[in-house]
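Chain nomenclature is as follows: A, B, C, D and E, assigned in order of appearance, with residue numbering initiated at 1 for each chain independently.
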Amino acid sequence: MLPSGVFFRDFAAEAAYLRTGPQRLALALFVLALVLLPALAGAYLVGVITLMFVTMIAVLGLQITVGMAGMINIGQSAFVGIGAFVSASLASKLGWPFWLTLPAAALAAGVSSLLFGLPALRIKGFYLALTTVAAQIVFPIGIARLPSAWFGGSSGLAVEPVSIFGHALLKQHELYYFNLAFVLLFALLAFNLKRTRVGRALIAVRDNDIAASVLGVNIGYYKLVAFFVGAVFAGVAGALLGYVVSYVTTDHFTLWLSIWYISMLIVGGMGSPLGAIFGTVVITALQESLHALGNAAAARFGSDFGAFIFPATNSVLGVLIIAILVFQPHGLLTGWNTLKAAYRIWPYRHHGG
Amino acid sequence: MTATDVVATPATGAPLLQLKNVEVAFNGVIQVLHSVNMEVPRGKIVVFLGGNGAGKTTTLKAISSLLAIDDGAVTGGGILFDGQEIANRDPAQTVRAGIVQVLEGRKVFGHLTVEQNLRLGLHLCSDRAIAERERERCLELFPALRGLLERQAGYLSGGEMQMLLVSRALLLQPRLLLLDEPSMGLAPLLVRQIFGALARINRERGLAMLLVEQNARAALEIADHAYIIENGRIVMHGAAADMRNNEDIREFYLGLSVGREKKSFRDVKHYKRRKRWLG
Amino acid sequence: AALAISAPPVAAQSTYTFSVSVDFTGPFADIMPSWHAGQRAMFAYWNDTKGKELGIKADYKVYDMRYDAALVASSWPGILAKDKPIMHLGMGTPDLVSLGKRLPRDEVPMIMPTAMVGLMWAPNGWHFSFRPTYSQEFAALLAELQKNLPQKRALRIATVSTQGKPGYEDQVNGVVHLAKTYPDRFAMASFVWIEDNPVSATDRIRTALRDNPDVFIVGATTAQAVSTLKALKELGRRVPIITSSQNGLPFLVSVLDPADVEGSYSVFAFAPSVEATKAQEMFKKYHSGQGVWDLSASQAAAQTLLALRTLERAAKTAGKDKVSGSAMYQALLAGPVSSDDMLGLTPAIAFDKSRPFPIGQVQAKAITVKNKQIVPVGAGWLPSPELSKW
Amino acid sequence: MTVEPALEAVDLKVSFGAIKALDGVSLRVDAGQILSVIGPNGAGKSSLLNCLSGVYRPHSGRVLFHGRDITALAPHRRAALGVARTFQGIQSYASMTVRQNILAGFHCRMKTGLLDALLYWPRAQREEREFSARAEEIIEFLELEELRHTLVGELGYGLRKRVDLGRALALGPSVLVLDEPMAGMSVEEKADLARFVLDIRAAHNTPVILVEHDMEVVMDISDQVLVMEWGRAIALGAPAEVRIDARVINAYLGAEEP
Amino acid sequence: MNSFLQALASGTLTGLLYGLIALSFVVIYRAARIVNLAQGEVLMAGAFTIWMMTLAAGLPTLLGSGLALLAAALIGLVIERLVFRPLIGRPTTTIVLASVALIIVLRGASQMVFGPETRPFPQVLPAGAFKLGPLHLNLALTIGAVLTLVVTEALHRFFMNTKAGLRLSAVAEDHMTALSMGISVRRSAAIAWALGASLSALAAAIYLSGAALDVSVAGIGLRALPVALLGGMESVRGATLAGVLVGVGESLASTYLDRHTSGAMSQVFPFLVMIALMLIRPQGLFGWKVIERV
């Protein structure tokens, strides 16, 4: 949505995401703020945000599978897990550096997602959700059953810190910048995907697969592409998570985590990568602040109060998600856009016919 | 209020349905209808013409309270049925009051059989005898359905679906039938059959109808009144017979040029268009 | 997950902070009230006695980690920066996996209250538990049972556990290793793998019974223990089951007819709450708020005591106002803490750099149901057979 | 020398359970020809088109494109060859804007692969720009300028059909297959659409296969008319001949029009 | 041979329990076109209700459980009213996602109200087992199996032969069309939820009778979902039959394969069957075939 009075001379200008001077300035300021943040915020906040970046990459991937291609995936955390284990294993067993483990993790997650995406060639809609639940259930069993020399079996794997030019990233703010770089990169990739032929093909397959196939879209291929790319993002997130947490076990990658990923997408809006980013920030912020609030309340009313207050925060978040589905079905982001639209036609209530 | 109450208090004289300055908006911001005024007299057929996107379907849905599901609402004016305000009500209530809409686009219950579809039409009727009688009447009207009763409705042909839809709507015993492009995609023979049936129903039962149609010629033939809507505004209305002779209507809705002879589609020219794409 | 629940500070004292992981919302939320009561009481006890004497105040900050590794990982840097803890009191696997690697870097030692899992058995860590691995705890009881067999033969062991849950699987792996190490004393009869919350375990238990096990080890969930006992009852067989501390007898007795639990065991490397200890007395004296003296309270109390005794020692060597994380680490390695200092909750324990749990003879205690009453097994500590890393 | 037909179907048979949707239908269309297919509802017209575009696989019979057997080809491969079609009813991409719909129609003319798309480097940008311009031309041709940024899901029926046509045109069709493109349109709009079809034919000599129930349009613009009933072809010929064929009147037109 | 028969029999009993839970999915889907992934959490809520009415309130077990079925229906109605009614007319994806959010809410809420502790569940159905020839059958599961069969047949008749059942089918087909015929989508959804929730509570009674209850019992929901899909989301009898298939398959897998795969097989089994079948029949065994005509 643009302010009125803005016209384009060419298609490049129109396709660009940042169309006006102020928009460009806003982005520049935003990135600058992100860069300066570790200097201003406490270590705790920086730690939380670092992990949020990782989550964000996974949710950006989910936005491609679920948002663009319309294939419900409630097993994203399994693919994050696969990425984490592959990267951890290559790093700890073969001593690969991160710039090799990361692509390997991405590829491994992507390829294994194809296994679960294959049924998509025939199955549609929510039925597909089930094969992704299957991924979630098979994943820990698979890791446990594979020779423990590969992925450490059920014991999991320790991950040495990332090292860049021989310098190990140990400090919180180093990890922060490391992950910030990746989140910026992957956000850019996701935005790019949406505005090009491939993104349109994904949406076409979601909106009307028969029409898409008759109009030249190889639907089987694009369904798999949606799964693949979504999982590649997950794989990268997994590898990064391993480096941040420095230990991976199957305990990390539960259905519950997948559910939160989906929730973030709902809250932000599934229509665009911006929604994924926004949703991740909102849910993380809410989780953290509700939790802090809960802790404060617990401090005041005694720690046993915690047994009540913490589940209460979950309920509050769940209710919030449902409220968003009901009142802002396309996510908070569209709410913002509607507001802008209303502002633009103010003082009139409606557009003309 | 029940259906019988409504029948018991007919405000004779007043038209059955009255739209007064109706405005409709979607999502709270996109206004589609602008001050639409319209009347459907008792026992008459009113045809509603207009180009694509003019707002015909929207008007019908406003009357039958089906806008809400698309995030639309009547934002101004009033819709009176039998003197009662009915805008933005619960659709189920509207049907009970006697307004039934046949939606555009062959909305049969595809996984149910024809028989089950018909029985759903009778879901408001608690008297078995009446139900049986009504069902017979419908099968008489569309004898073709009789042989299809056990077929799954999703696999009927277009014409059969349309017959099923009209029958199903009639079984709900409406006092006002709203039809959204019933002839769309039907073969000429079937168009005639459907319109014949509509005319017959109107004659025999005195059922009032509001008919949205693109096949203006066939529609004007059986209609008593006509309204024309453009861009969400009623631009013309009058008796069907007058409309048939109106110059503009003849040109834009009947495809006839001055002097009654038919214009060939081969000869239509539009000069305003720059055809860069063809170059 | 910030902020804390702390006792009011007292002036003119050296104050040191312990950070504490708890889980009021995660899978172990149910045992938290008593668990935390155990920790509170021990802090109160120590501050009131030794603390006063030394002019040191031991403060603690509680963090609800929801038993979530990612949460631990993301909270830790903040905890470090804000509280500057001299030691962390962990709560379970999430603390281990998230902090295990970085504690040496941050120079903060951690004390665990739970038994270890094999996957954490590595040298040079800064985390220590007063308990050995689950499998070693089981082994102590298994050895006792084997000794008491009427004939001289290997004890036939069946396991019931969940597939795909690292900790649970590791318990089984350790027992398998035990049987391999002492083939004349222990033999694996069969393995039962069921869900955390099985509809019915009867079929699988029936199959397992064909191999005539002498005991079932059910170290995972309470629901599995219940299902196993119900299955045994249905099948009309009486085979004792061995549970751990977190899914132990007290709950089973309250859910099931105690007659059905008769003869089953829980085993762990600390004094059961049914035993009279000095710790129990102190708990009664210093307890406030919710919670009772039970297995989880005594477990957490032992953890807290170990931490506080280490502080005592560190204050002595480093000086009362110079205690740091690394001083605490040194103090931990400096020699045994006596059973008396542990108020009878554990035998004497000592650590070195080779492994994250006490060196020397591993010992455990077990409880069983006799005449519908929970009673300790034997009077002293049960020694566990020597076991190498698996 | 005989001209090679642009698209040819030979003896197609398709059945669904007991229903024989197609029972040995053949058809051919040559360059520059407009072939209309008419017949009662359920005669199998859409099924025929579905066989041509690959949505249905015929049980027997062949489909030939410029002499090449494409019977076993997947729909998207046929589209790449230039077999473009629109659908009965609405089958547009509802959540995209008008322009995106048309851009999506260019799918098999564009080359941006997954990697290009993710990186959006100059090559992809250039292609995107080039095709945006071409999409604009189609938008202009179909007079959709005002609506280019409107979500198609919010458009009325007739406009959506026009978008569908635009999407098919984007394919750069070498055969254009239209299934009831004028259903639900007013006479004026029908005239427009007829004009579009004739213009396309005139400019590119594109053969058109048209299923339509409006006899006036069919009679006016087609070169050949194929009449179907119960899955069979019952007549084929110039409009004037077909119109007076007794079987056609019986099965389809009905006795006398006013 | 005996162990084969035994595996068959106990697989059938477990399978019928899965079938009953699958039925609660089907009823809600069949009547309101809502895919409720939180069905396991609904079951958990039903279980807590039973616990409240019996052990907490001290009512006689059977009376309390009966009342709890009604109370569960009420919970279903509340969920419908607050969560799904406002979503009428929205795409399936939205509704699936709402049910995901419902998982979070219900888990949180039940922890808030009941606390996290594991508690005993009343012995609603008699404990123990009985012998039938060479077979050894769990009494509670057997009673549950009979109940499941009765419920299946009753529901099947209801959907196929009654006017109300037809109305529910109409709503499941298309909300807009149903509305245009004066069929109340809300009422259908309400009926569906009341039925679905009390079926879940019934399943909880069979599942947990005499065992332990805490939040984690909700996990059974996702084990029953493949069953519902296998049978076809629209088919009442299909759900029960698929339950038996999966139950028997699981039981055979655990008897014969688990030895070689250390238990992995029986857990993965339902999903394997489901994926394989979906590839052949995407609509499940007896589900409605998607009619695709362009």
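Definition applied: a residue touches a chain if its C-beta (ideal position, glycine included) is under 8 Å from a C-beta of that chain, and two chains touch if they have at least 3 such contacts.
Keep in mind it's a predicted model, so treat the numbers as computed, not measured.
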Chains in simultaneous contact with chain A and chain B: D, E
Maximum centroid distance from chain D, chain identifier (CA atoms): C
Most remote chain, CA-based centroid, reference being chain A: B
Chain pair, D-E or C-E, that carries the greater number of C-beta contacts: C-E
Chain centre separation (chain B, chain D; CA means) in Å: 29
Separation of mean Cα positions, chain C and chain B [Å, integer]: 75
For chain A paired with chain C, centre-to-centre distance based on mean C-alpha positions, whole Å: 37
Inter-chain centre distance, chain B versus chain E - centres from mean C-alpha coordinates, in Å: 43
Set of chain E residues in contact with two or more other chains: 111, 115-116, 262, 264, 267, 293-294
Residues of chain C whose C-beta touches two or more other chains: 24-25, 29, 32, 163-164
Where chain A touches two or more other chains at once, by residue number: 141, 144, 210-211, 214, 307, 311, 314
Contact set on chain C toward chain A in their complex: 1-6, 22, 24-25, 29, 32-33, 36, 62-64, 66, 69-70, 73-82, 93-94, 97-98, 100-102, 105, 117-119, 163-167, 169-170, 173, 289-291
Touching residues on chain E, where the partner in the complex is chain B: 88-89, 163, 166-167, 169-170, 173-177, 179-184, 234, 288-289, 291, 293
Touch list for chain E against partner chain D, complex: 293-294
Residue ranges of chain A in contact with chain C within the complex: 42-48, 50-51, 140-141, 143-144, 152-156, 158-159, 170, 172, 241, 244-252, 288, 291-292, 294-296, 298-299, 302-304, 306-307, 309-311, 314
Complex interface listing, chain D residues touching chain A: 53-55, 74-76, 78-80, 84-85, 87, 91-96, 100, 103-108, 110, 112-114, 116-120, 124-125, 127-129, 132-133, 167-168, 171
